[in-house]
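Just so it is clear, A, B, C and D label the chains in written order, and each chain counts residues from 1 on its own.
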Amino acid sequence: MSFALDALTILAVSTGAFFFLAGTVGLLRFPDALSRLHALTKADNLGLGLVVLGLLLQAEGSFAALKLIGVWLLTLLAGATVTQLIARTARPGGTHE
Amino acid sequence: MAFDTGLVLLVLGVAVWTIVARDTFAAVVGFVAYGLLLALVWVRLAAPDVALTEAAIGSGVTGVLLLGASTRLRRTETSGAGEKPGITLRLAAGMLCALVSAGVAAIVLKFPEPAPTLAPQTAANIVATGLGNPVTAVLMAYRAIDTLLETVVLLLALVGIWSLAQDRVWGGFPGPRHHADLEGVLTFIAQLLVPVGILVGIHIFWIGSVAPGGEFQGATILAAMWILAMITGLVDAPPVSRRWLRLMLLAGPAVFLAIGLAGFAMTGAFLAYPAPYAKLLIVTIEVPVMLSIAAALALLVAGPPERRPQR
Amino acid sequence: MADFLLAAAGFVLATVALGLVRILRGPSEADRIMAAQLLGSGGIAALLLLAAAMSVPAAVDVALTLALLAAFVSVAFVKGFARSGADGA
Amino acid sequence: MSTAMLYGLCSAVLVGLGLFGLIVHPQPLRKILAFNLIGGGVFLLFGVVARRGAGVGFGGDPVPQALVITGLVVAFAATALAVALLLRLFEQTGQATLRLDG
């Protein structure tokens, strides 16, 4: 049982790490800000999400698990804020409210 | 070791960026990243208490303070160009700094063996404090005088900032009035974040007696949430002449000092706690101290009064 | 398991560090903030992995604080941005 | 070389780098930033001393760790005061420079 859980953790964490790689490559290679944003949100939401998922399987107790999920949700919120910023600045017409 | 080498290179890279970036705003972004990486370093150095403080103050609140300043000073950015020191001076400065670095490195390499440590003494005396976290025990018992003075230093810095206000706004509202975001997204995020942050802050404070955390870390998170509510226009900063605000700022140091003086009567020494009540007294000090620190930190970021008090 | 988690932490940190080249190249400030944001979530992921690898549960609290403060800093970024944009207009 | 030693050398470089920024940057805000960079290096040195003092079940000597926590908060207070002074200077003169003739 513990072996299966460990294998799942390794799988999820590896996939998460891969998304971070993909996000970085996208950030460096994509031509314009909006598609770079697209790459970034994938890395943020999925990369960290999968790492959290992998660690959840190893978490000791429900409070530790709750904190892990909390970290992920807060990062999503930070990502949403940045997305808002990019939407403002990259949108044709500029920064006017 | 490979991990640590990579982390060190990353820290140094971000530090170089903070110094050489042409744009101040970009340098501040670098500084926030520097704080984040240092938090990782503190975890690697087995100092999670410091990592929490670094993440909260070193990166977060300092970052927001410098960010605000850099946006206000943006228009002065180009005017400093003519003052850039010449190549000779820069070369001399570079050599001097390399010398300083080499000196510090030499000290690091010549650290005495075995390393001097107060860990055994802390371990021997921690039982008397009733606390489980050695760092909190040091802050609240062994070096309590430092902690007391620190709360006073925060107040002095705040008095210094308030005294920079112009006469006509004396005692008024600090900083500009921020209005709630018309599109509502930031306001919505802040409304979500503030209650969650207050919970996290109280949690970090509360576990501080047994696990990494404590009143400084908790206070910084609470302060950050208050600043967040202010900059998103959810609440306005209070006029600095408000009595409740002054009381809140003074409560921590006052209680700390009172219990410290009571130590003379109870055990014959300043800031000495009688053993059976040590934990109770420490918690009695910590709660008002946390609130005072949180208020002081938030107001330090808010800056001097800029708007006239209403009455 | 610990070794794998530590290696994963190192890998994530190394990849997001590559993304920092975006901070250097820009061109817009939005790009710089995106790179910082990526470093933020990568750093948080690395912290969580370190917490499990080194068996330091407190590092999860550090990650929680960082995530909270990262959201706070990004709101301040956006507000500062809106203001400097308004000044320029 | 031990891990603590590695971070010790890192702190030495950080102090030098920060000092360089403090000297060569004409803008006061950049000087404040550089000063905080030096602070980070000095605190890291304390962290290395603490780590080397690990023992009796503690990962590090708690005394220097506690000093760093105090130091971080005081450094922040000093930074806030410096920023407020700078902004007041700007408000008063319309410039943010340390030049005497400005």
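Keep in mind that, in the parts below, contacts are C-beta pairs under 8 Å (C-beta built on N, C-alpha and C of every residue); 3 or more make two chains touch, one makes a residue touch a chain.
Treat the numbers as computed from the prediction; the structure is a model and nothing was measured.
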Selected interface, A-B versus A-C, where C-beta contact pairs are more numerous: A-C
Whole-Å separation of chain centres (CA-atom averages), subunit B against subunit D: 12
Subunit A-subunit D separation of Cα centroids, rounded to whole Å: 31
Gap in Å, rounded to a whole number, between the CA centres of subunit B and subunit A: 28
Contacts with 2+ other chains: residues of subunit B: 42, 44, 46, 49, 61, 70, 186, 189, 193, 196, 200
Two or more partner chains touched - positions in subunit A: 70, 74, 77, 81, 84, 97
Subunit C, residues touching no fewer than two other chains: 29, 33, 40, 57, 61, 64, 68, 70-71, 75, 77-78, 81
Every chain pair meeting the contact rule: A-B, A-C, B-C, B-D
Interfacial residue positions of subunit D with respect to subunit B in the complex: 3-21, 23-27, 29-30, 32-34, 36-37, 40-41, 43-45, 47-63, 65-70, 72-74, 76-81, 83-88, 90, 95-97, 99
Subunit C-touching residues of subunit B, taken from the complex the two chains share: 2-3, 6-7, 10, 13-14, 17, 25-26, 29-30, 32-33, 36-37, 39-40, 42-44, 46, 48-49, 51-52, 55-56, 59-61, 63-64, 67-68, 70-71, 74-75, 178, 186, 189-190, 193, 196-197, 200, 203-204, 207, 211-213, 217, 221, 224-225, 227-228, 231-232
Complex interface listing, subunit A residues touching subunit B: 70, 74, 77, 80-81, 84, 97
Touch list for subunit A against partner subunit C, complex: 6, 9-10, 13-14, 16-17, 20-21, 23-24, 27-28, 33, 36-37, 40, 43-44, 47-48, 51-52, 55, 58, 60, 64, 67-68, 70-71, 74-75, 77-79, 81-82, 84-86, 88-90, 94-97
Complex contacts: residues of subunit B adjacent to subunit D: 1, 4-5, 8, 11-12, 15-16, 18-19, 24, 27-28, 31, 34-35, 38, 41-42, 44-47, 49-50, 53-54, 57-58, 61-62, 65-66, 69-70, 72-73, 76-77, 79-80, 83-85, 89-90, 93-94, 96-98, 100-105, 107-109, 111, 115-120, 122-123, 134-135, 137-139, 142-143, 146-147, 150, 153-154, 157, 160-161, 164, 214, 216, 293, 297, 300-301, 303-304
